[in-house]
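What follows is subunit A paired twice: with subunit B in the first complex and subunit C in the second.
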Partner chain A sequence: MSSDPILEIKGLNKSFGPVHVLHDVDFTVRAGEVTALVGDNGAGKSTLVKCIAGIYGHDSGTVTFQGNEVHIRGPKDAAQLGIEVVYQDLALADNLDIVQNMFLGRERGSRWMLDEAAMEKAARETLASLSVRTVKSVRTPVASLSGGQRQTVAIAKAVLWNSKVVLLDEPTAALGVAQTRQVLDLVRRLAEQGLGVVLISHNMADVFEVADRIATLYLGRMVAQVPTKEVTNTQVVELITAGRSGELGLARPDTVTI
Partner chain B sequence: MRRLHIDGPCTRAALTTELGLNRSTIKALVDGLAEAGVVEERVPLQRSGAGRPSLLVLPQPHAAVVLAIDIRVEGVAIALVGLGGQILGRNSWNLYGRASQPDEVVAHIVDSTRWLVGELSVETAAVGVSVPGVVRRSDGLVHEAPNLHWTDVPLGEWLSTGLGMPVRLGNDAELGALAEHVRGAARGASDAVYVSADFGVGGGVISEGSPMRGTSGYFGEIGHMVVKPGGRPCYCGSHGCWETEIGEAAMCRALDLPEGSPRGAIVAALKELSAHSALAREQLAELVDWLALGLVNVVNMLGPELVVLGDLFTSLPAALIADVGREVRTRSLVSRAVGGTRIVPSVLGGDAKLIGAAELAFEPVLGTM
Partner chain C sequence: MTTLDGLPTAERRSLGARLLSANTFWIALVLLALIVVFSAIAPESFLTFFNFQQLFIETAVLLVIAVGMTFVIITGGIDLSVGSVLIFAGMISAKTMEWMSPGQDASNAGWGVITAGLVVAIAGGSLWGLINGLLVARANIPPLIVTLGTLGAALGVASLLNDGTNVRTVPLELRDSLGFGTLEGNIPNLVVVAVVITVIFGLVLHTTRFGRYTFAIGSNPEAARRAGIGVTRHLTNVYLLTGFLAGIAGFMSLAYFQSTTISGHTTDNLNAIAGVVMGGTSLFGGIGTILGTVIGVFIPAVLQKGFNIIGVQPYWQMIAVGAVLVAAVWFDQQRRRSQNKR
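This part shows the complex of A and B:
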């Protein structure tokens, strides 16, 4: 039971008109692990994440969540299952403060009156549970936060909503070195709390420092999903650029039909 | 100073009563500290009683910052911690293969410290390090860290050269105990034991308010207390150590996970079990038995007011921790005598060792302020 993946995707296909973006992709996410999703530009990483999040429908394939087959038809379905996505362009509203952002669209209280005190308390407790003490007040408008702090708020939102799987689409793409490190530290601690985490990243050093497992997409195909400790940096780079590395990845070219 | 660092902001009036000093003495002291930028005074928001409100004295986190380093078997975490125990910035990374060589670890620590310090533009005063192994306190020699395969590593010397600051090292469990005593579940207790399951099992002891350190600081290997004659072989060279029955590997066995699963996977499995206490009792029965047995020995030997369970143990279902508490109470003579030793999970979670390392670094710093 417990060693089964929390989210399992089998034989996923997705086309945009004549362009076949994802070919029979198998992908698993395990609770308590950071799975890095890597691949070259256009390999289909973001498309895969958007299919999981319900933003795109898929043409064929099955999605199993906690052992049951599910049909995710929209972002609402995904959120209901406990799948939260953090995008690189930070889906936060600049003019609202941290509490308002964390509860955006899911405010607490009656129809006429929001329960501000309860929301503020929950937001503060969530940030504390992640030992995020870099934010001075939860009533700070998001516009005045640094990039790293904004990502922190976006990630904390996933924890607040009791998500089971968090997908992060290049959360550190727009950040400097030190802030990147702080966000990745948070990503690790998220997994240590038992969540299934998927991290899309281009930076191999980052991937090796936080990921437990590395999944590589190559031209829309999942070529390998391996534990980090069993591969080297070079092997992963080969998988990304050529689709295979030694025994790993695609079969020799002569047996592949394109 | 220590009072503010540990217990946080309080009013001038409270300081006067607690420290038993004259009101004007406190004023002079606080004024001096405020001038140096170490504390800040504010009018309290809530008033109690009549008269002019006593000013609130708040420690300023940026006034003194230390670097805390927690070296674990599967990764390293570092944090910059300000006066009052606030974590200002942090970083962590995995250790695989080459990356767990001592020289690589030190180089990585020095690099990422530079980034963090640059980002936060603070000055650090001292360094505290938690190491999963036996450490000589005087010069920071890591005598043996078996799970990391380190032997006789002069870690303290390397780090203080690399970082240009005084470095103090401690055993991870000893620092966990320190953290729980200063900021966690054992706050205010004068005798407490901290037992944690990280990769291995370790323990720290607070005795009459101060940490027990053993000869040269070689202390904390509570996990290698032999509990099962003819039991599983342990890497320490012995057989049937407590660690082999309740450590991470034992948890993986109980939960049907492959040995060496990531920590999060174990936490996730334990959390799932928390919802079904009957199933949890059945699956973890053996582990809980061994935990209780060891704790009976520990309590009988050391007579603590409470035992704090740290790291992986904090994810054990609450019902099981209560079971263990009851079991220890029935079986331990000492526990009965002190009216029931409390067995509680840590409130600091995975950060206990980091916080402990920060406190270790703060000790000499506070004295000079």
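This part shows the complex of A and C:
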């Protein structure tokens, strides 16, 4: 399975004041594939995702989407392209219900009279198309949902729009076994529907199960982006912790300056 | 657990269920109980048309302020300045009408002058609202501090405008129309205005995008930002709206009292906040209804009227309102705690 890149990042740099978080990062997302983005805590995974989503600007580098160079200046720009993010934190408004959350910022109907019925219907259809069956009512405030259900809603929110790329930042970090199962199935289904999926995860078993490719960030550098078939669990762990593994990764670790 | 597919297609439980789970339902019962009790104790004097007419008139101005306060509190903010902004709006409006009248006596001013007065009142209120909004949303100063500052500043400027005294000439035409006039002979115009404003902004809060964003920001500003909502701009507009409504309230107060009542609105802010919070709007943001605010505003008013009629010292009203207020916030906290446990 080797489709065309739908999203390509080249030479991306990002600093927070004096802290240089991302160094010349290259990153490719392919339609119909799950690309796992792995790396130690603080490697810059969330920052990379937020740069792509337009939450943060970047200092240099290019973003190519479906073959054209694009400039993403805010969450709206990213959404317009069809890039959706499921955040690790602070993704949903607790007091709003499932429908309100799924449509937040893109409500249907006129500005003065939102079309609640249409939104409710679309929300229910999207959940059904993702085979989500654990949510009692789409009018439940998300505060009263379990962690897995919340994550499901966040993912459903992302695919409600004609999304082409979905980035998931540790969607299973806080979940139990059964709930993780559900979310991973959902992730796989998104790729099967032709979306480009990026999955950030710390769980190697999960990564090897669902990912077609694995991209490894080490101290803000992209050290390898390889098909899952061509690497072993041990190699990926080495890439994460040392930035290199045999022929893969950084040529000489001692040249790394932090 | 029911499956999603097992749901009835039209899910109309939403409003009823939301009401039941909100404090609003319970506080409505409290209001109803109060009315029943007072009516039972003093049927001849409490349960009269005149009494309720008075109740509505005396609540009209506060209701308009409380509607604005509801928006602010739903965003997780607070506005202590509304009472002072009301006075400022009334003062600058009254002064404008005097300046435009021969001999600085506005008593016999016509509709042109009165309209100018209304515009100035609204502009004055909105200006303070905008200042609050910019300081809270752009400068990121806590709303409690910002509006504590403008509470003093607006009252100070209002006092400076007339050397600390009240303006005494208010157009009689204004008094007879908005102040004391009635629709069909028995519905006071003041109440009509308050009801229209309440209904309009109730719809704005509950059916429009503006309302939805207000809830979203109060619930989780970062999620709202990531959803592409202009949080800073929206917050500014919410404080602007509250100032705008305080401006209208100032004009209504001017029409009713025929005075700028400089010392008469010092606890309006707290009364409005108490009404809003008693009505089930969460001080933590993200939850609230205009209907709840209407009920919450009427509870102190009914208590006061009722105690008055049955001869209980009015001080008991303050104690009772305080108790209901604390109980309402306690309920709110319990609800949040049980939510967070999940």
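Note that the second predicted complex is superposed on the first by the 248 of 258 C-alpha atoms of A that agree within 3 Å, B and C clash if a C-alpha of one lies under 4 Å from a C-alpha of the other, contacts with A are read in each partner's own complex, and residues count from 1 in each chain.
Heads up, the rule we're going with is that contacts are C-beta pairs under 8 Å (C-beta built on N, C-alpha and C of every residue); 3 or more make two chains touch, one makes a residue touch a chain.
This one's a predicted model, so the numbers in the text were calculated from it and none came from an experiment.
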item	value
Combined model on subunit A where subunit B meets subunit C, clash or fit	fit
First, second, both or neither for A:Phe208, with subunit B first and subunit C second	first
Partner chain in contact with A:Gln182 - subunit B first, subunit C second, else both or neither	first
Once both complexes are placed on the shared chain, angle at subunit A toward subunit B and subunit C, C-alpha, multiple of 10 degrees	110
Contacts of A:Gln100 with subunit B and subunit C, given as first, second, both or neither	second
Subunit B versus subunit C as contact partner of A:Gly32, first or second or both or neither	first
Subunit B versus subunit C as contact partner of A:Leu248, first or second or both or neither	neither
Touched partner set for A:Thr228, first subunit B, second subunit C, both or neither	first
A:Glu192 touches, of subunit B and subunit C: first, second, both or neither?	first
Contacts of A:Leu114 with subunit B and subunit C, given as first, second, both or neither	second
After fitting on chain A: smallest Cα gap, subunit B-subunit C, Å	7
Subunit B and subunit C footprints on subunit A, overlapping residues	133-134
Interface residues, subunit A side, partner subunit B - complex	1-3, 6, 30-34, 131, 133-134, 176-179, 181-182, 184-185, 188-189, 191-196, 208-212, 228-229
Complex contacts: residues of subunit A adjacent to subunit C	53, 55, 74-76, 79, 85, 87, 90-97, 100, 104-107, 111-114, 117, 120, 124, 127-128, 132-139, 143-146
Sites on subunit C touched by subunit A in the complex	1-5, 7, 10-11, 13-14, 17-18, 207-210, 212, 215-216, 218-220, 222-229, 282, 285-287, 339, 342
For the subunit B and subunit A complex, residues of the former touching the latter	75, 77, 86-94, 96-97, 112, 115-116, 118-120, 255-258, 261-273, 315, 350-351
